[in-house]
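Next, two complexes with subunit A in common: one pairs it with subunit B, the other with subunit C.
Then we have the complex of A and B:
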């Protein structure tokens, strides 16, 4: 009866506060759109300047290789040397073809590396063009690697950020939602009445999680649907499995929020803790943007306790790779573990709080 | 019904409640008077189990509050001056919630909702509770505190800020409660309200300095109003300290 009463009451709170409800649905959509159009990882236009000291059929063939590509714009000289264009930052890269190019087949390449990741991609693209026209120089490459990009053939950045953003949005929203509910009652003074009533700690905790579980599950579905419909991200694995683990991940976030609310004394503190504990770590340590394998040992260890890391493996597995559930068992178990741990600590702390 | 035994509470070096003891009988309306900061609220919070005492204990119906808080919970109702219902929910939704939490029979919940609706009108009983006038808010708070029909009720300055008319209505509720056999412990600043109590206790600086019927207290301090008697009592209590300074 107590559990039922609390669940119903929390639902009423949610419905009564329709403005917050509206923000909860609109904000994730807005984040998706902003990320979707601001964060493109393909390099659409590489401006390259060329100093051709050889001026031979071979060197002209090499240059036409750049001119024929969609990714490159070869800057017209306009009376300036390639080096001058490069120094004026009109070109991202400078290709110098030495006078003995026909004989040696060597070129000199300088890339503006002020944006290092961009420079790396430029190197790869230029390398591809140079090696393609390399056949003409009469020096065949001994081994040719033909890379195949799996799971994201066109290297669409949406495939990359939709799962990541889903993981980020859900952990932020869920932790925030529940972290505020108990602290709000502490501030309002309604908590005294809960304390005096015969409800059990677990009833309060579960009663507060259930309504928000449904709410955040709906938000999660909406975010994924948005990614699929607007950005064409596929779901190659089982959809029902994806939904199931979405619920699990929501539960993890909500339990974390409840745990925060048993620690924080005011709504402001709760909001701050839940934002700091979810936004930055998820952005940096979950493997969303930065490779976990490339991190120093300390950060790698920290990433192991990020629930978002495990959900990312699950959602990328189910959306892009078409993993079976057996293949993602470990991250699933980790999320189950996190949720149980957070809930148990929260109930324990809460029980202590109710009795004293 | 209520037996307070050597109750103390210290916050660091400050003693908010200093070794107070008294008994309240069934059906009694017991007033708790004291200046601001005298320790009334701390004492009442310990009596209903919201705060654990540093020393001493409170027995409700012979059951220790600190040892068996769960058994005490259903026997007491509590309401404080601070509006502590859910302001965003309607009065009826508040009643439904507290009814569910205390497993109050549905019939009683319905009856209470009907009663509140006839008192407040259709519009007010379906709008957010925070928009009610203060007097109504406090009476709604009392309704929710009494939903599970506890034999003992603690009221911590339930009428502060309420207009005289609202206060009179509130006290009618208290009297109904008492004549139905309920025990009421109420703190107040209003001396006219204190006159309605069967017995009053006066607290000063954490100690219980007097406990008697309003009439006996007036006689003791030789004043015709309770107001004067109260001032006399508190001033006399503070006087030795003033001499020391």
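Then we have the complex of A and C:
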């Protein structure tokens, strides 16, 4: 009966704070829409300034190659140096055609490399135009690569970020919210009252966890539904398996939240720990946005202990690849391991806290 | 003035009292700098790759070798059939599968035209496209080399000499580190700002403060100044650490950078204050702060270029102070852009700060009666 009472009490807390609840439901939706429109594949719009000293048919032919392409916006350099142009943010690149261009066939290109990956793309695009105008296309490439884009033929970015966003939002709701509610009770002293009442440690924990489990599960479903309906992200694997591991992942986050609350003494501290230990790693180290393989070994090792990494494989596998559970057995086992570990430590530490 | 100093002292004392919190405030930025500096790479390297070479000729082996030695790809295994390749991707062993059909070398020598097939895990569309681009390059280059076709050197072709300005080694960190500096400041000042007043509200100490002779302006200033100082010191330290770890130097003027940060702090601390007066509990304040933080960072051009966004979204970013701060810090840090070429960024930054801070003070006045 004590357990039931705590669950009801916790639910009342959640519902009474309708503003937090509102944010919790609106934030994911807004993030989804923003991500959906902001994270598009790179369609370059390269602003190139041209300084033509040659002014010959050949140089004009070269420039027309840029004007004819919709990847470029061509502007005259107005006598400014590359440095000046880039500091004014007027151009990404400056192409200088020297006076002896017709004779030597050599041009000079300066690129604003402050954004290194953009600089590389710019060089490739400009290089293609320059070599095409030089008439170097006589020989077709002897080996051509034929691509088959699996699971996402249209290369929709939503396919990529909807599962990631689900992982992020759930961690946010579970770890952050749970750790905050428990430390809040500590801060306000209401925990001392619970200590005096005849409830067990596990009853307190389960009573705290169940409402947030339901809440985070609902939000997770909402995010997935939103992604499916608005962005057409498929669910190719088993839906029941997807729901099952969604609950499992919620549980991992919740137990981590409880763990944090046994360490933190104030809500501020709880907030900072959950920020650093769960939210930021989920954002940066899980493979949500940034590719794990491209990281140095130390960070790759760090990402191996991120529950979010495994959940991402599971959810992407079930939604996009149509994986069977056998095919993603390892990440599933890892996630099970993490939740059990966190939950055991959390209960232990929490019991210790209640007894003292 | 003396009440203000007393208020600042109180804030600092309060900060010092919570050892854990203080330690976090000091250590967190470095952790973030290191983790983000290394992980925030939009580059595609070491893509796990499976090979299926059914041609098994010297030429095809040579081709596989050139894929393997390329830093973009990391060959994790070889399989014997197309289905096995497909299955490897399905089972998460690799994200790229290269299929060299039987008769590849024969076709190459006979027709000077052969095909390889590339299977790409397009769950991450961006990565798939980039990886394919690199593979295409390798195929084109190796194809020419393998077939021993030499292009006429300089035969009428145009030669392009290129220079990378400001970042000749194309270090990704050079682009990311200045962004991280302002992101860290955003996170800390916004969160701390949002929590500070509401905490006093929740514990009831704000009412006690109100009945003392201190006025509201002094309360606000007293809360803000410690974090102003903290941010300035933090920036200096982070820049120093970035120098050790990433070997990056501040190219432009530190004074201009600090001016930008000062203007920017009016926005973040103001927004924090606004949240603090609107929210009823620390929890609400935190979530509201998160809400703003996520959008500010997402729409700042930090890792999603604003130029790539649709026009209506680009217009929305004009309301985002971090967007301007991001440009300012990157320009100064990497390109040493002088202040007069940054006025188009600094003016909106100041205007936004003024507007946000003004609203925050007005709201605080009204709320606290």
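Definition applied: the second predicted complex is superposed on the first by the 255 of 356 C-alpha atoms of A that agree within 3 Å, B and C clash if a C-alpha of one lies under 4 Å from a C-alpha of the other, contacts with A are read in each partner's own complex, and residues count from 1 in each chain.
Simple rule for what comes next: contacts are C-beta pairs under 8 Å (C-beta built on N, C-alpha and C of every residue); 3 or more make two chains touch, one makes a residue touch a chain.
For clarity, every value in this text was computed on a predicted model and none was experimentally measured.
Peer 1: Which of the two, subunit B or subunit C, is in touch with more residues of subunit A?
Peer 2: Touched residues of subunit A are more numerous for C.
Peer 1: Output check: A:247 vs subunit B and subunit C. Expected answer is one of first, second, both, neither. What do you get?
Peer 2: neither
Peer 1: Have a look at where A:157 lands relative to subunit B and subunit C in the superposition and call it first, second, both or neither.
Peer 2: second
Peer 1: Based on the superposed arrangement, let me know which partner A:285 touches: subunit B (first), subunit C (second), both, or neither?
Peer 2: After superposition on chain A, A:285 lies in contact with subunit C alone.
Peer 1: Mind working out whether A:6 is in touch with subunit B, subunit C, both or neither, as first, second, both or neither?
Peer 2: first
Peer 1: Give one of first, second, both or neither to describe whether A:110 is in contact with subunit B, with subunit C, with both, or with none.
Peer 2: Second partner only.
Peer 1: With the two structures laid over each other on chain A, which partner does A:17 touch: subunit B (first), subunit C (second), both, or neither?
Peer 2: Touch status of A:17: both partners.
Peer 1: Figure out whether A:267 sits in contact with subunit B (first) or subunit C (second), or with both, or with neither.
Peer 2: After superposing on A, A:267 lies in contact with subunit C but is clear of subunit B.
Peer 1: If you stack the two complexes on chain A, which partner ends up touching A:192: first (subunit B), second (subunit C), both, or neither?
Peer 2: A:192 sits against subunit B, while subunit C stays out of touch.
Peer 1: Once the two structures are superposed, pull the subunit A residues common to the subunit B and subunit C interfaces.
Peer 2: After superposing on chain A, subunit A residues 17 contact both subunit B and subunit C.
Peer 1: Over in the complex, which subunit C residues touch subunit A? Could you list them?
Peer 2: 18, 20-21, 24-25, 28, 31-32, 35-36, 38-48, 63, 74, 86, 89-92, 108, 112-129, 132, 135-136, 139-140, 142-144, 146-147, 149, 151, 154, 156-168, 170-172, 174-175, 187, 191, 195, 199, 279-284, 286-288, 290-291, 294-295, 298-299, 303-305, 307-310, 313, 327, 330-331, 334-338, 341
Peer 1: Mind pulling up the subunit A residues that touch subunit B in the complex?
Peer 2: Subunit A residues touching subunit B: 1-2, 4-6, 8-9, 12-13, 16-17, 188-190, 192-199, 355-356.
Peer 1: Can you name the residues of subunit B that touch subunit A in the complex?
Peer 2: Those in contact with subunit A are residues 48-50, 52, 69-70, 73-74, 76, 78, 80, 82-89, 93, 96-103, 128, 144-145.
Peer 1: For subunit A, which residues count as touching subunit C in their complex?
Peer 2: 17, 19-20, 23-24, 27, 30-31, 34-35, 37-43, 45, 62, 82-83, 86-89, 104-120, 123, 126-127, 130-131, 133-136, 139-153, 155-157, 159-160, 172, 176-177, 180-181, 184, 264-269, 271-273, 275-276, 280-281, 284-285, 289-291, 293-296, 298-299, 302, 313, 316-317, 320-321, 323, 327-328
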